[in-house]
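Order as written gives the chain letters A, B, C, D, E and F; numbering starts at 1 within each chain.
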Amino acid sequence: MRENTLRSKWKSGETTLGLWLSGTDPLTARKLAGSGADYVCIDMQHGTADYSTALAMLMAMEGQPAIPIVRVPWNEPGIIGRMLDAGAMGVIVPMVNTVAQAQVAVAACHYPPAGSRSNGPIVAADALGPDYGTEADNEIICIPMIETVEGVANVEAIAAVPGIAAFYVGPSDLSRSLGIPPNLEQMDERFLEAASKIIAAANANGVTPGVHSTPAMSAARIEMGFQMVTVTSDVQAAQIYATSSISGVRAGKSGASVGGY
Amino acid sequence: MRENTLRSKWKSGETTLGLWLSGTDPLTARKLAGSGADYVCIDMQHGTADYSTALAMLMAMEGQPAIPIVRVPWNEPGIIGRMLDAGAMGVIVPMVNTVAQAQVAVAACHYPPAGSRSNGPIVAADALGPDYGTEADNEIICIPMIETVEGVANVEAIAAVPGIAAFYVGPSDLSRSLGIPPNLEQMDERFLEAASKIIAAANANGVTPGVHSTPAMSAARIEMGFQMVTVTSDVQAAQIYATSSISGVRAGKSGASVGGY
Amino acid sequence: MRENTLRSKWKSGETTLGLWLSGTDPLTARKLAGSGADYVCIDMQHGTADYSTALAMLMAMEGQPAIPIVRVPWNEPGIIGRMLDAGAMGVIVPMVNTVAQAQVAVAACHYPPAGSRSNGPIVAADALGPDYGTEADNEIICIPMIETVEGVANVEAIAAVPGIAAFYVGPSDLSRSLGIPPNLEQMDERFLEAASKIIAAANANGVTPGVHSTPAMSAARIEMGFQMVTVTSDVQAAQIYATSSISGVRAGKSGASVGGY
Amino acid sequence: MRENTLRSKWKSGETTLGLWLSGTDPLTARKLAGSGADYVCIDMQHGTADYSTALAMLMAMEGQPAIPIVRVPWNEPGIIGRMLDAGAMGVIVPMVNTVAQAQVAVAACHYPPAGSRSNGPIVAADALGPDYGTEADNEIICIPMIETVEGVANVEAIAAVPGIAAFYVGPSDLSRSLGIPPNLEQMDERFLEAASKIIAAANANGVTPGVHSTPAMSAARIEMGFQMVTVTSDVQAAQIYATSSISGVRAGKSGASVGGY
Amino acid sequence: MRENTLRSKWKSGETTLGLWLSGTDPLTARKLAGSGADYVCIDMQHGTADYSTALAMLMAMEGQPAIPIVRVPWNEPGIIGRMLDAGAMGVIVPMVNTVAQAQVAVAACHYPPAGSRSNGPIVAADALGPDYGTEADNEIICIPMIETVEGVANVEAIAAVPGIAAFYVGPSDLSRSLGIPPNLEQMDERFLEAASKIIAAANANGVTPGVHSTPAMSAARIEMGFQMVTVTSDVQAAQIYATSSISGVRAGKSGASVGGY
Amino acid sequence: MRENTLRSKWKSGETTLGLWLSGTDPLTARKLAGSGADYVCIDMQHGTADYSTALAMLMAMEGQPAIPIVRVPWNEPGIIGRMLDAGAMGVIVPMVNTVAQAQVAVAACHYPPAGSRSNGPIVAADALGPDYGTEADNEIICIPMIETVEGVANVEAIAAVPGIAAFYVGPSDLSRSLGIPPNLEQMDERFLEAASKIIAAANANGVTPGVHSTPAMSAARIEMGFQMVTVTSDVQAAQIYATSSISGVRAGKSGASVGGY
């Protein structure tokens, strides 16, 4: 089975960087999966992909170096199982606030006896290797989101649930839950304090702390201790570069050459 | 009917900048149509959109400032008519090498007596205005591509065909036809000479000279006399910005803030 | 942010009329959103749209006067959040029978502290306004369906749950639950009695009473006190008008002129 | 093979009425194919269906009484063959202006020796009968559109081309070609004269004269001699009925009962 | 309403054979529904169909002799209702381990008072008959999967839940739960013992025992007492026959004639 | 660039076997591309794939050993270019009856100066290698179909057109053109004579003779001298194996084990 390089990188203390897919274009997905990131995540919660479009994107990304993961729309075993069967090597699960919710997420990601995932990796066995059935539990990663006051309150106990590979912090949701205006680049003290608590609980339990970020904020997040940092998204990247290219050319400036044909 | 601002800008001598859509994502299309460009072009020749995906993208771009145009896969009246009915305000037509081919393209873009377009703007009348039927011929633009040695040889005669709004040069195809390796940023003398001839023929006939370009090359293309310059594409922009963001963060540099939430 | 005109109309005691989308066609959706109705609802429970088709329909309806809402397939936060992020200005939630179920629905429609909706209005912020993040909780409406004996029994308590904008009655389901054959035009005493109870509970709590109806029945429903009345659907309208046009022409009668071209 | 009842009805002098599909919804297509019409036509020229959506609509209409036909986007053998293979029992071919163009259309609809259609009725053989290979040429109908001044000038010669079952007049296109504003309900003398000439040529050659119409105009078209009259479309029907239902209910009037559930 | 022939066959003690649809192709679905099987099942759990593709497949299979059923991704009333509304005549529900879970599944498949299914068979009433509303509860079948140690432990109590037509055993999942490597053709004693217990509980309660199988294993499963046996799937069948045809031709052997054209 | 192994195999005199894709399922496409065949062909003429579905299938087949080719719907440069840009390594072009038509097909498959293909391998450059631009003309193969009396009459001249890699015979179409009932397994003398003439012309010009076949007929076709033989299709394979599995199990026979899980 394809090795989930995130696991070994995290084990060795390496910081991993990711890209986000909010759109539905398989070609763009493939390009981003070859853009130097450690992982690429299809967002089925706030992005616009559904099962069929996500499957096409996963197929398009096969063979690219970035590890493909998926953020599912909700902590529901049906969709978690479907995305793993489609070849995702991990799932980010929104709004995990309690130990019980974390256990549901973990169970959905692992076969018995570790969990209760149903057997049938119809695409994954082709995409990731014929030994998927025996190796999946070693390579597939479950990544609950800690993004509410309740989740932060329970974070130590959640971190101790066996089978959690990483935590993923959504700064906007955690801000809202803390009573602060949502901001991907949140630096409010209350947020920083909650983040510290999450990172500490993660580190104490062999869980990798992750966070949704921006190009401007990623260095700061890494310095805070996050080891899994999503830097930008397909839609955002296209928009930022397109906007700056247009305004740059209008201003008489020259952008980066893209050479070739 | 919505005014085709490209026409007035071109009439006033203004240089217009555009963005290209090689992918299929409606949300990205919309974002790019609001990114400061004068036009956005869905590429149905070398991009991955077909009729249904292009229609969804055109609908998603309605209300955005950029003028939506489409590059059709070939000089064929059926698909030209369909894309105009879907709300495109212009079509770029590949491989127009002769006067006869130019006349076919022009006829497909205009209602009788100017052309032979069939009546039925099922989406366009909603999207662009109830007076579409009488105004379309004043606003819809036909843009043949001059991208072969044969096309360059015939360019003065083609430019004189009534109903051509602009020429669009594909540097890679024209390079190949000239026996030069394809290069979007072509600066070979033979290419420059051909381009000059196209620009001259265009200017002499009230036709706007346009070109497919890159951020790095656009200033040079404008200086050469091109008034319609496509600066970058959705897929290229996403890939470039994603790549540079990842490598920037790895190098400890900070990208542009995207603020908000 | 776009104003949800249903709220102000309801506050002023105005009766609002709606159209239903059981099919999947974006063009038809747009046409119906401009047909004089106060709202148009995409039915993801008994209609045939899923997330991707509903998103295309929502995008096609932007700019039309009717307020776009969605009936989700079930009371599940994942799909409620996705449809709101896609630009729906309200959700109708099936089978809300208890206070607890109503609280789940309300929480899914509102950001903290009012609820637990996750932040990420990827389409909605474009479609409805850049201040969506701060204004959404004032404009987005949550509309539980009261359509079972259990729901009617609990209706006063449900009406008192903060954050409910309207109730929506499904006459067929409520009929079945009451032991009466399902009938959109139900006038059985037991149904009328249950409806009265729902309307009274709604009125007592500042909740707008709504109902699924037909052209023939709408006047009666308005007289009963319903303020939100769905008059017909895309599929039903097409079928009725097509059938009557064909039979009318066969009978030598003339239909309404549609003029134009 | 399923009998093409249009042929026998036309032979017996019966007037046949049709419905048009401008949208893409399979469920609506099925409903209209059971609404009393003699035929239903998917419009791939000015409607929004492409091959994949049209195939889904054709499959959804199987088993319904109306004969399914398709208007192809252009007179091109590739798409004509594909739609016949998909189960269409006839094709309407736009802009047939000359004998040569008519021969191209006829050839695309018939197997050798009558034509040059390629063999491979992958869906049609299932949908229409296992003897499709030998019977198709007897049941499939080719319907060129006569909708330009040139077409009218050549109509007698076109009518004499063997293998044409009917002519289909597009009043808007023919009006434009005649220099009159497009109008589906055109009654200008010049149009009527051209229509008469088409009808006469058709009748003299065993070809059925057909026309695109509206509910208001159909009686007049039948009186003119048209035997194949399209009365309304899915999108138009939905919009008209929805609009009149909303305005009727607002005005306190009651629409037709739709009963049941 | 169309008779669910599975019910009468099961009542008469007949063994029924089925085919599985793991892919998304409507044409293949139709072909398999006419291939001699008693039922065909669209797999929305481990197969690749989602709602929209499954709807297209259900429409394509109408009129074919096999009874169309669906395996839903999870025991969730929203998707169960949607698939029944789309014309499925039964649902296989994964991972039913307790009486309470069985009651949820049964309730989702039946209208009140037997269950709590919501009314609105938008496709089913067309596909299966206008008396669907009153007859559905007699024809629609609910088939929980018994595929865990917990499910086996509770199987007698689950079998006694009114409204269960059959049990469906997933050998791979049950194997995993028993601590045995997953194997569709499992013959381990522990599996056989659990299967016996399921069959006995089914038979004692008028429930039909069913199992997922392979061509090689089906005879053995029938001998064990299973009355509902899925023999192979679309994807597996295509792959096996294609592989053996290629290797057969390479080896100079001749395959079965497919005749005709 | 990925090597087109068909070329070297043909050069060495090896017989190559292929599989046909008449359906639209990406997963099945991938499985068949790994089933031992030398090539897999997506049929866009008589199969049900269009551009978007074919692109998804091509992406799903990447990395599998079979060379992916496409049969385009017609000899039209637009669609030929699109499919090559999508990653097809060859195109089968229907109904090539004359030298001029063969030249059109060849030109569409090669860049200048060999042809007039337009530059823009948006998917192909990713899928097949970064040197695609310079290597494509060496690896992409153009395969005209010789399937009419006219084509056979011109076959020597067509074979001499530079840039043709293989001929592909459609036995059903050639039969019809010869006045024989269509039959994939045609063995009528007139057909055999025509086939001999095609094979001879091919062999005399370094063109590989190919044919559409069946498992039963392939040995005979190879013996006739065909070097490129399509053995079966996805839909046919699924149907044959499913039918025989069901009937085999009904008859108490045991099929091949599929093992695993």
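By our rule, contacts are C-beta pairs under 8 Å (C-beta built on N, C-alpha and C of every residue); 3 or more make two chains touch, one makes a residue touch a chain.
Since we're looking at a predicted model, the values are computed, not measured.
The minimum number of touch steps linking chain D to chain F comes to 1. Most remote from chain C, judged by the distance between CA-atom centroids, is F. Remark: among chain pairs B-C and E-F, E-F carries the greater number of C-beta contacts. Copies chain A and chain E of the same chain sequence form an interface built mainly from non-equivalent positions, shared numbers / all numbers used being under half.
Put simply, the chain farthest from chain A by mean CA position is D. In summary, the interface at D-F recurs among the listed pairs B-C, E-F or B-F; the equivalent pair, sharing over half of its contacts by residue number, is B-F. One inter-chain figure worth recording: chain D and chain E are separated by 41 Å, centre to centre, where each centre is the mean of the chain's CA atoms.
Separation between the centroids of chain A and chain B, computed from CA atoms only, is 36 Å. Residue positions of chain A touching 2 or more other chains: 22, 24, 26-27, 31, 48, 50, 52, 76, 79, 119, 122-123, 133, 172, 181-182, 235, 260-261. Listed by chain label, the pairs that touch are A-B, A-C, A-E, A-F, B-C, B-D, B-F, C-D, C-E, D-E, D-F, E-F. Residues 22, 24, 45-48, 50, 52-53, 72-74, 76, 79, 94-95, 147-148, 170, 172-173, 176-177, 179, 181-182, 235 of chain A are the ones that touch chain C when the two sit in their complex. Note for the complex: chain D touches chain F at residues 50-52, 55, 76-79, 81-82, 85-86, 111-113, 116, 118-123, 133-134.
For chain D in complex with chain C, the residues that touch the partner chain are 17, 19, 22-28, 31-32, 35-37, 48, 172, 175, 181-185, 214-219, 222, 229, 231-232, 234-250, 252-261. Residues of chain C that touch chain B in their complex: 26-27, 30-31, 34, 56, 59-60, 62-63, 119, 122-123, 126, 133, 260-261.
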